[in-house]
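Please go over the structures that come below.
In what comes next, chain A is part of two complexes: it sits with chain B in the first one and with chain C in the second one.
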Partner chain A sequence: MTELLGNKRAIMTLVGPALLIYTAVMLVPVFWSAGYTLTSGNAITGYHFVGLANFRELLSDPNIRTALSFTLRYAVVLTIAQVVAGYLLALFYVFILKRASALIRTLMFFPIVLPTVAVALMFQNLFAIAPVNGPVNSLLQAVGYHAIDWFGTAGHAFWIIIIMDTWRSMGFYAVLLYAGLVDIPESVIEAARIDGATGLRLVRHVVLPLSFPVLLAALIFSINGTLKVFDSILALTNGGPGNATTPLTLYMFNTSFSYDEYGYGATIAFLLTVICLIVTLALYRWSRTSGEEVAS
Partner chain B sequence: MTATSVSRIVRDRPARRPDAQRTARRSVTRFTRRLPGRLLTLVLLIIVVYPLVWLFLGSLKSQYDYLNTPTYSLPTHWMWGNYEAAWVTGDLGLYIRNSTTAVFPALALVILLGSAAGFALQLMKWRLSRPVMLVFLAGIMVPSQMILLPLFTIYFQVGLTGSLWPLIITYAGTGLPLTVFMMATYFRAVPREIIEAAAIDGAGIFRIFFSVALPMMRNAVLTVALVQFFFMWNDLLVALTFTDSNNLRTVQVGLLNFTGQFGAIEYGPLFAAICITVGGTLILFTALNRQVMRGLTGGAVKG
Partner chain C sequence: MRKVLQDRRLRIGLAGAAAISLLTLTACGGSGSSTTTNSTTTPGSTSSGTAAAGPSDPSTFTFLNITEDPTVGEEMKGLAQGACSTENKALPLVVENVPQASLDQKLLLLAGQNALPSMYAAGNAPATTKTLVQGGDVVNFQTELTKLGVINDVEPAAISSIDSLFGGFYVLPTQLNIEGIFYNKKIFAQDGISVPQTWSQLVADAATLQAKGVQPFSASGQQGWPITRLISGYLERDLGPSALNAVASGAAKLTDPQYVAAAQAVASLGAKGYFGKGVESIDYNTSVNTFLTGKAAMLYMGSWVLSSIATPSSDTIGAGNIGFMPFPNVTGGKGNSDQWPANVGLAYTLNAKTLGPKSQAWLKCIVQNYGYASLKTYDTFTGFVSNPAVTGLTPLETQVQNIISSTKQSVLWFEALFSTQATTVSQQDAAPLVNGSMSPSAFMSAVQAALTTT
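Right after this comes the complex of A and B.
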């Protein structure tokens, strides 16, 4: 038995191909890309060594500051928005709709599987002002306000992005969190009710602490995804107006493929990877310590 | 909350005849208790469904209709021809063929190799299984931007640019970490006794993988495959980087450049194209939704 499950050749055959492709497509390129940060040039013209010049540029580039601050703001705001909206939805499924929630759960889940580009094009037209008002501006005018050029100012554009991505993802987070909520034993809730906890107090003191682990998982999942946002913003605002809604990912893409500066593009990608690494490790450590606190 | 507040409302009402009052109270109680839930459900439905309905109506409007009638009105002429325009003039048919050609081979590779690796990492005994698992896990965190430039250089040097191969290879590589991780977590549920029994019956390790473990994981495989399918099908970054001509565009890249095919923006065909892509994924999702929900709520994601 141990011989069968410890057969070296069988293990190699099973893991080998996956490991090989993964190494060739991801591991090697990661280090290769890190090497590019010390060069200037691109795939067509070739590369030459420039030392730390790219990192010096990184520190003085005002576009980096804009992109970095947008990325962080977006990650924090959207994470809060989608996890809170998802959690409220999950509470709604579990405590108000109860067993009747299957259909609405599925319907709310729909948007996450829709192609991002299609959703972005739809939102562009939902919030359009020219050549004709979209539904949102029509509604504003119907209740006596002026139509707003939603994509014309940085502040408005930011919130449209947040609204769209929350619309897309809240049903998905609701299902994730719902799974955690239905696992809370009925008897615990019942006991708290008998002790006089109702409504908000029940949620605050009983449900919230008990669903903490799955809430934390959703949080980590969300931060990890939002730091890498690309599709939805490229398709919705293309980083505009100006570069006000350009995250690091899009700035890296433009630097590399519009301006053909692979060296500097790789440096931006490197910065993004370091941020992802730090945030992931920090969240991981935080989740372990706070997980213990809740358990004790 | 509802029981107490409702009884308070009902108590404040003037008394009627006893029996009528009792039935009235019961139905009022039930109605008011369910009212907030129903209202909220309605609001949620409008938030999710109305944009899609609006999209569909827009896909059936003529350009004149779209620009000159209120945005919530029905089309004056139902322009089903918009769909033909999107498919033929807009090249959507070509884009869907490209996406299919790129995604399905990659998906097959990811599922086969990913579940094999997950099986070996979770159920077989070897010293390096934990470090190898961590190496795969690290890949989930790395942003695609970090591998794009070397891959572009490699594909350019090897002469793969100008075909769909870069997409197939890149999707296969980037899909593996999450698949391996999810499959490994799902395989944890396979009881050791079953594998031992199969081994005693004389099955080799590959036989156990293909005929015992994998069939037990049918739902898990389906869930992982669907998750990966949506990642690959909806990908924009990789497709945008490695497709340099209109002939190679995937659905997402094609949609992004859709207005270019007509010169000026033709709203009807554009909305029709969005509807086709949205409708396709919706049909696929509806067909498999039960398995996905079960897989998501009872599986690896929950940790």
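Right after this comes the complex of A and C.
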């Protein structure tokens, strides 16, 4: 085995084809796209070199500030919401439902397999105010409150998106975290119980530290997914009201494909890539140090 | 030596694989700027590739329409079965649909690959159509219809409107619309309201209606343009018919106080609740249905809505109960209600790169027969001469037809001369403007900023 892996030709033969395909389908488009950041124009009128003009526009564009602020707020709030909800569900499966959790797990996982557009339409109707009140507004009126125009203001629309995406994804995170929780040896839990740890104390001092690695994986998974949100917002609010719920991805899409500015669209994509890279590196760094602390 | 040979084989193998990958990439890659150098005589990608100098026909006469308005597609199918059956036999019609919101993206992608269909909806704003003209993807109908001997089958007023909007006769006038306010005569009579002549009277009437529990206006905030049309209406009555040309030329800015005042006037209608609840959630069909089922007293709309009015299943109040009035005057303003906003509806054009002899035959047939068929079947006025003339129009249709033929000066809609970006910003911010989450000055600043950056 050592002889095989020490042979450079063997390594090249084994890794070469995969590397070539990866280069062709991943690296070339990435660098191609990076090249567009220095151009202006579109597929019809052609492209011309503009130097760093797109980056200068990026710094002065007020829409970028709005989109960036929304993207970061959305990523942080939704990551917390879906990981916490998923973790609570996983605890519920392991410690309360125990072996009877299969049906509930399946039901909670179900929303993730539904088409995003169908879920968005359902939530649009749930929170509708016109032409007729949806169930939420009907309920509010039944208990004596005024109907709320949920999609009319930025604040309300933001929270509807968070509620919808949490509902969709918490079942998935619950299953992910459940897999981590069932790996904790029963004997450790039993020993902690004998020592007098129950309820919240048991979770805080035994379960949480032991499930930390899988929790961290869920966190990284979630933050990267939420930074790149696109379909659920496009289907639910289309970035509105105005551009109040427009994330960077939707702004990039509109800039490239509706406003015909491929160069500036690629520049926004570049910004998003840099943000994802920074966040991922920061999380990995944090996970290494936190992992060492947990281990010690 | 053996090792060297093996290494060389490996290198050759790797180099070969790299070359194949590059070739694949080159084949998959877009043509980029090369599309601009293709002349309008380049045959379409699906052409049969004859040695002739002119474009050649594809295998089908594909028509790309928008999902929201199937009328033109249905009319084309009607022609294919009737007046244009010979042309359809030679080059069969295929109708495809795309949601209107995705139309511009689809067109740009297809144009970038030289894969535009024979006939297509040419973008949501004149700016998109102009880009396609630049790319040589659009037929110059002035030249082509003159060559085919059917230029006189198009109303001169329609050609003039198209010229001013698109910089040439580049789209077919499948509609020739005027815009104004449709009102429910029964509600007006019940509440003792006469047709308002001025903006102040319109606002006072709206207050009366609201007080009596009737929603004064129905408008689609999801589309946005039914709201921004009110802003352009106010501007053109207040500052004169060239108010928006001044913005396009840079002589005026939307952030100038007199322009912001127009946005303020419309925003205050929203602040008083005259558009009803949840205006941003109301789509086009809901806004029209709200009016046609008697739940709102007024609807700002183009004459294309006559086809919905003529459909008994959607119009429960009846065509006889619907009146049509111009946008009212603004007291002391430079414009007047004889100046009607006019347009040719969604732009439809033909692909210059696939206009072979069979497609030319289709074009000739459309120009000669579309006007009559459209008015007869869908009660929609077009810029084509109706031959023979259609009889049996309702009084409302006759009123609109008379206005179209007697209008001496038409005015533009709010986004007519805007870039695609400014059009999007204007229409997506219209609902926040009337629901109070965006101030009039912020609205005008956002649109002006989008105009300036493009």
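Methods note: the second predicted complex is superposed on the first by the 271 of 296 C-alpha atoms of A that agree within 3 Å, B and C clash if a C-alpha of one lies under 4 Å from a C-alpha of the other, contacts with A are read in each partner's own complex, and residues count from 1 in each chain.
Everything below uses one rule, namely that contacts are C-beta pairs under 8 Å (C-beta built on N, C-alpha and C of every residue); 3 or more make two chains touch, one makes a residue touch a chain.
The structure displayed is predicted, hence computed values, not measured ones.
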Partner chain in contact with A:Val77 - chain B first, chain C second, else both or neither: neither
Touching partner for A:Thr45 - first (chain B), second (chain C), both, neither: second
Of chain C and chain B, partner touching more chain A residues: B
Chain B versus chain C as contact partner of A:Leu283, first or second or both or neither: neither
Contacts of A:Asn254 with chain B and chain C, given as first, second, both or neither: second
Chain B versus chain C as contact partner of A:Ala24, first or second or both or neither: both
First, second, both or neither for A:Pro131, with chain B first and chain C second: both
Partner chain in contact with A:Asn243 - chain B first, chain C second, else both or neither: second
Chain B versus chain C as contact partner of A:Pro62, first or second or both or neither: second
Residues of chain A at both interfaces, chain B in one complex, chain C in the other: 13, 17, 21, 24, 28, 43-44, 131, 257
Chain B-facing residues of chain A, complex: 1-2, 4-8, 10-11, 13-15, 17-19, 21-22, 24-30, 32-33, 36, 43-44, 89, 92, 96-97, 104-111, 113-118, 121-123, 125-126, 131-135, 138, 167, 171, 175-176, 178-180, 182, 198-199, 213-214, 217, 221, 224, 227-228, 230-231, 234-235, 248-249, 252-253, 256-257, 262, 265-266, 268-270, 272-273, 276-277, 280
In the complex, chain C residues that touch chain A: 6-7, 10, 14, 17-18, 21, 24-25, 30-36, 101, 104-105, 108-109, 111-113, 128, 131-132, 134-135, 137, 276-282, 286, 289-290, 419-421, 424-425, 428-429, 431-432, 435, 437-438, 446, 449, 453-454
Touch list for chain B against partner chain A, complex: 1, 36-37, 40-41, 44-45, 47-49, 51, 54-55, 58, 66-68, 70-72, 109, 113-114, 116-117, 119-121, 123-126, 132, 135-136, 139-154, 156-157, 169-170, 172-174, 176-177, 180, 195-196, 199, 204-206, 209, 230, 233-237, 240-241, 251-252, 255-256, 258, 267, 270-271, 274, 277-278, 281-282, 285, 289, 293, 296-298, 301-303
Touch list for chain A against partner chain C, complex: 9, 12-13, 16-17, 20-21, 23-24, 28, 41-48, 57, 61-62, 124, 128-131, 147, 149, 151-154, 238-244, 254-255, 257-261
